[in-house]
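If you scroll down you'll find the structure; I have some questions about it.
Going by the order they are written in, the chains are A, B, C and D; count residues from 1 in each one.
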Amino acid sequence: MVEELGTNTEGDLIINVGPQHPATHGVLHLVITLNGETIKKVEPHLGYIHRSIEKMCESLTYRQYIYVTSRMDYLSSHINNHACALIVEKGMQIEVPPRAQVIRVLMDELTRIASHELWWGSMAMDLGAFTPFFHAFREREAINEIMEETCGARLTMNYMVPGGVLDDLHPDFQRKVKEFISLYKRKISEYDEIVTGNIIFQNRMKGVGVISAADAISFGCSGPALRGSGVSCDIRKIYPYEIYDKIEFDEVLETAGDSFARYMVRIREMNQSIRIIEQLIDNIPEGDFQAKTKAVLKLPKGEFYQRVETARGEFGIFIVSEGGTNPYRIKFRSPGFSNLSALDHMARGSKIGDLVAMMGTLDLVIPDIDR
Amino acid sequence: MFIVNYIKDVFNALKSLAIGLRRTLFYFTHHKEIITEQYPDNRATLHLADRFKGEVVMPHDENNEHRCTGCTACELACPNGTIKVVTKFDMTPEGKKKKAIDKLVYHLELCTMCNLCITACPSDAIKMAQTFEHSVYDRSQLTKVLNKEGSKIMEGVE
Amino acid sequence: MWSFSNIADIIHEWLNKTFNATLATLFEMVIAGVCVIGLFAVLGLILVIMERKVAAWIQIRLGPNRVGPKGMMQSMADTLKLLVKEAMTPDGADKFLFNLAPYIAMMVAMLLMAPIAFASNFMMWNLNIGVLYVSAISSVSVISILMAGWASNNKYSLLGAMRSGAQIVSYELSAGLAILSIVVLSGTLNLNEIVLSQADGWWIFKGHIPVIISFIIFIIAVTAETNRAPFDLAEAESELTAGFHTEYSGMKFALFFLAEYVNVFIVCAIGATLFLGGWMPFHIGHWEGFNHIMDFIPSSLWFFGKTFFLIFLIMWFRWTFPRLRIDQLLNLEWKYLLPIGMFNLLLVTAIAILGWYF
Amino acid sequence: MDNEELKLAITALLPTANFEEGGEWLNILIEPTDWLPFAQQLRNEYALHFDYMFCLTCIDWKTHLTMVYHLSSTKYRHNIVVKAKLDKAKPDIETVCHIWRTAEFHEREVYEMFGVNFLHHPDLRLLILPDGWEGRNPLLKDFDDPVNMIKL
């Protein structure tokens, strides 16, 4: 194999970034062809953490398969679970009580903020600034505490069930969320001071990894990766699910298409999430948190698709049902997989240091890519 | 004009760096902001949420009685074969055979804390405990039998 | 009053009384060597724990706090760990160069200790071209990095080493220009005489804005020269795993690690000598009373205080800023630091000729 | 365009297309040989403008395979599902990775998971499975791995 020799016939250097590498945040393996410091080609090799969740789900019931999806994009497990619950509700026409809907949206947005906080910290760490990582974890910890109290877990919550949510909100929930909002508002300006406004950081991000709107669409990018190129693609806005059509929030768009645009989309998205939470936190309707469902869930024969907006982009579930208790075939459309395919296109011609910045702004979560 | 822009660039760059330095100096001098939790030392004051999903346990009352009827609902609900119910037949005082559990084997090493067994249980026999220090030296120690030695089912639980 | 120079004198007298002159000189050299190695080890330990504490406090955490009182023995424990670790040599490596590289890094750092004035009348080698010597020797450190990168037979190491080469060669220039501005003002290359020229005030206060600019350039350039963040491209963790020392382990790695910290100490000592008056206490012009009070603080304390302040500055940078990219790094040098430094040198020369400094 | 309008527009493009009712989106059944020209028309036709492929997958129906393409338009916000039935013995279909570049990765995944052969794909290699993988394609229904699969 060429890769073992270290250089190819043209005398380019071939470097393996990963599967164990500080910048890949997991077991992603990129084979990079270099000419000096300039990248000629990036070739992802996947599968180091592939668990074949799609195959596993074929033998799980519609209650059981939800928990597996938490293990895909573990940073936005609530939103993945949400999609699973929604598709079962859609197929079985279960009416979700309004209280459960509000709780779900609140949890989704908290998850989105937590995910972006972690991304912000690790993004700065990729660029060599270690301090923001710890500062980001301080705010993320507050969200994790809230999650722990209400859902009973910090990362893989398994809180969404078909027909509602597993348990009612903790009595302290509203108070703690409000505390978090005030903490967040105090600390968000520090993010600008330490990272966003920093001249080194801006130079590292601006004009790096530029992808045009047409290319981004063609590569199937979604979420901040596509919105950074100026294409409106927020599933919450264009195909609203749950109660997103009744909530006021803006879809964040940037037009530059470079890493800094993607960075700013995520930072501004956090503010929008806070805005959603502020609207809902005092208006949680009373009532049931879970609809009455049958003990055994059976989806009617047919095909179902549900798309939601996770922290990384568009997450889709495609279920082919034969009418039984298990899905016949299930396909998870993960945002990271498509976003990763654009990496080669973005990286060609830039430096190794830029690759790190690009991977950071694509916010790759490897279990999400490998499924 | 070029010179003015050049100087402006340098000045703005230095300013942005100084802003960042001011923020980190603030944290360097304000030790009250430190958020480190010294975990094994703060065990006494450690607060765990009461819904925290640590492991599945079966509560027993003072008479060493539990509420499990051995219906295997939890076993069926479990997505990854964590729970195994071994049943036996007890003789009731009237001389009838009655199904009861011999052992409820719980594989903590396989458990993903999804809570499906707890919701599936019709007689509230099992619940989640708030323990989290599960590390042991041997994997076999993670396979637990939830019902205690010599325990039997509570009166009136069907 | 107690001072380093008194102790040195006492030892010198005793040795000359007891042995003949040749033997006494030999013994003195041995003592000096042992002292340098001892200082090395102590500095390594102190700087590592200092860096970890500074980093921890900036990052709102506690830092090492288990080994010894307040965790102060942590670096000792780390050294022990590194000593007993296996020092591996990769199979495809050039074994001779691979093993030689860390020692060269150490040797360069040790050589740089010679002309530094640690206290009044206390330096190993009162060299009349001290500044030139320091600039010359510190350039050699790049050889050890290149050697390590080449000999490791690892692509990450090679990339790191090449980056380091480009970086050190360029930043030598601005560091040299910044140093030159002080040489112009004080009119000497001898580090001790530069300190003495600051008896009525440190250069950073006496020399107006141009000296402050050269101070800033000096700090940036030496941060780059010692491969510290934000210029740590040679090791760039998130890009090249560990850069030139990827393949090193155990004590060989520790030597690189130690050499880095000692280099930081040395450049900060040079910076303190040039701009902040070295061991010279804080003096203001002709305020005799005030100056006299300041003299009561031992000169070694002044020297180490200033040096550690500069070291703190460099650490503070490291834990605040993201890393530059290689082309930006060179841009910064060739488009900003070098032109500004040259122009600044012109200003300083004008000031020196016209005698406008205080 | 809503489903009815799409149906008319697509019938005009490809008269042999069959439609499947019932789903949320319009399902179009086509022959695999028609796929490449049809895909180009879907992408380039001004009124359709299906420029965003958000899902590409395959279903193993034991007797045959079905390729499923989920297409969407970022301009008009309408969605369609295109399905092509493949012969299990010789599952060949033209690649569309030069029309929607995201298809390159998705087709590689389907290639290794289902064994579908994408004709004229620029780089049809294993993406997720380890190099030198031998044996059946994992997502086929008759795949069995007695070592690693957990049976309940």
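Quick note on the criterion: a contact is a pair of C-beta atoms (placed from the backbone, for glycine too) under 8 Å apart; a residue touches a chain by one contact, two chains touch by 3 or more.
If you're wondering where the values come from, they're calculated on a predicted model, not measured in any experiment.
Trainee: Count the touching C-beta pairs: is A-D or B-C ahead?
Mentor: When B-C is set beside A-D, the one with more contacts is A-D.
Trainee: So, comparing C-alpha centroids, which chain is the farthest one from chain B?
Mentor: Chain C.
Trainee: Which whole number of Å gives the spacing of the CA centres of chain A and chain D?
Mentor: 25
Trainee: Measuring from the mean C-alpha position of chain C to the mean C-alpha position of chain D, what distance in angstrom results?
Mentor: 63
Trainee: Using mean CA coordinates as chain centres, what's the gap between chain B and chain C in Å?
Mentor: Roughly 51 Å separates the two chain centres.
Trainee: Using mean C-alpha positions as chain centres, tell me how far chain B is from chain D in Å, no decimals.
Mentor: So the centre of chain B lies 41 Å away from the centre of chain D.
Trainee: Give me the residue numbers in chain A that touch at least two other chains, ranges are fine.
Mentor: Counting only residues that touch two or more other chains, chain A contributes 131, 138, 194-195, 198, 200.
Trainee: Can you list the chain D residues in contact with two or more other chains?
Mentor: Residues 150, 152 of chain D touch two or more partner chains.
Trainee: Counting only residues that touch at least two other chains, what does the list for chain C look like?
Mentor: Residues 58-61, 319-321 of chain C touch two or more partner chains.
Trainee: Give every residue of chain B touching chain A within the complex, in rising order.
Mentor: For chain B paired with chain A, touching residues are 12-13, 16-17, 19-20, 22-24, 35, 49, 51-53, 77-79, 112-116, 119, 128.
Trainee: Which residues of chain C touch chain A in the complex?
Mentor: Per the stated touch rule, the residues are 55, 58-61, 155-156, 159, 163, 229-230, 232-233, 236-241, 319-328.
Trainee: Which residues, counting only chain C, touch chain B once they are in their complex?
Mentor: Residues 54, 57-62, 65, 316-317, 319-321, 336, 340 of chain C touch chain B in their complex.
Trainee: How about chain A: which of its residues touch chain D in the complex?
Mentor: That would be residues 44-47, 50, 52, 54-56, 59, 214-215, 217-220, 222, 231-233, 238-239, 302-305, 307, 314, 316, 318, 320, 328-329, 331, 333, 337-338, 340-341, 345, 370 of chain A.
Trainee: Please give the residue numbers of chain A that touch chain C in the complex, ascending.
Mentor: So the residues of chain A in touch with chain C come to 6, 13, 15, 21-23, 37, 124-131, 133-135, 138, 194-195, 198, 200-201, 203-204, 351-356.
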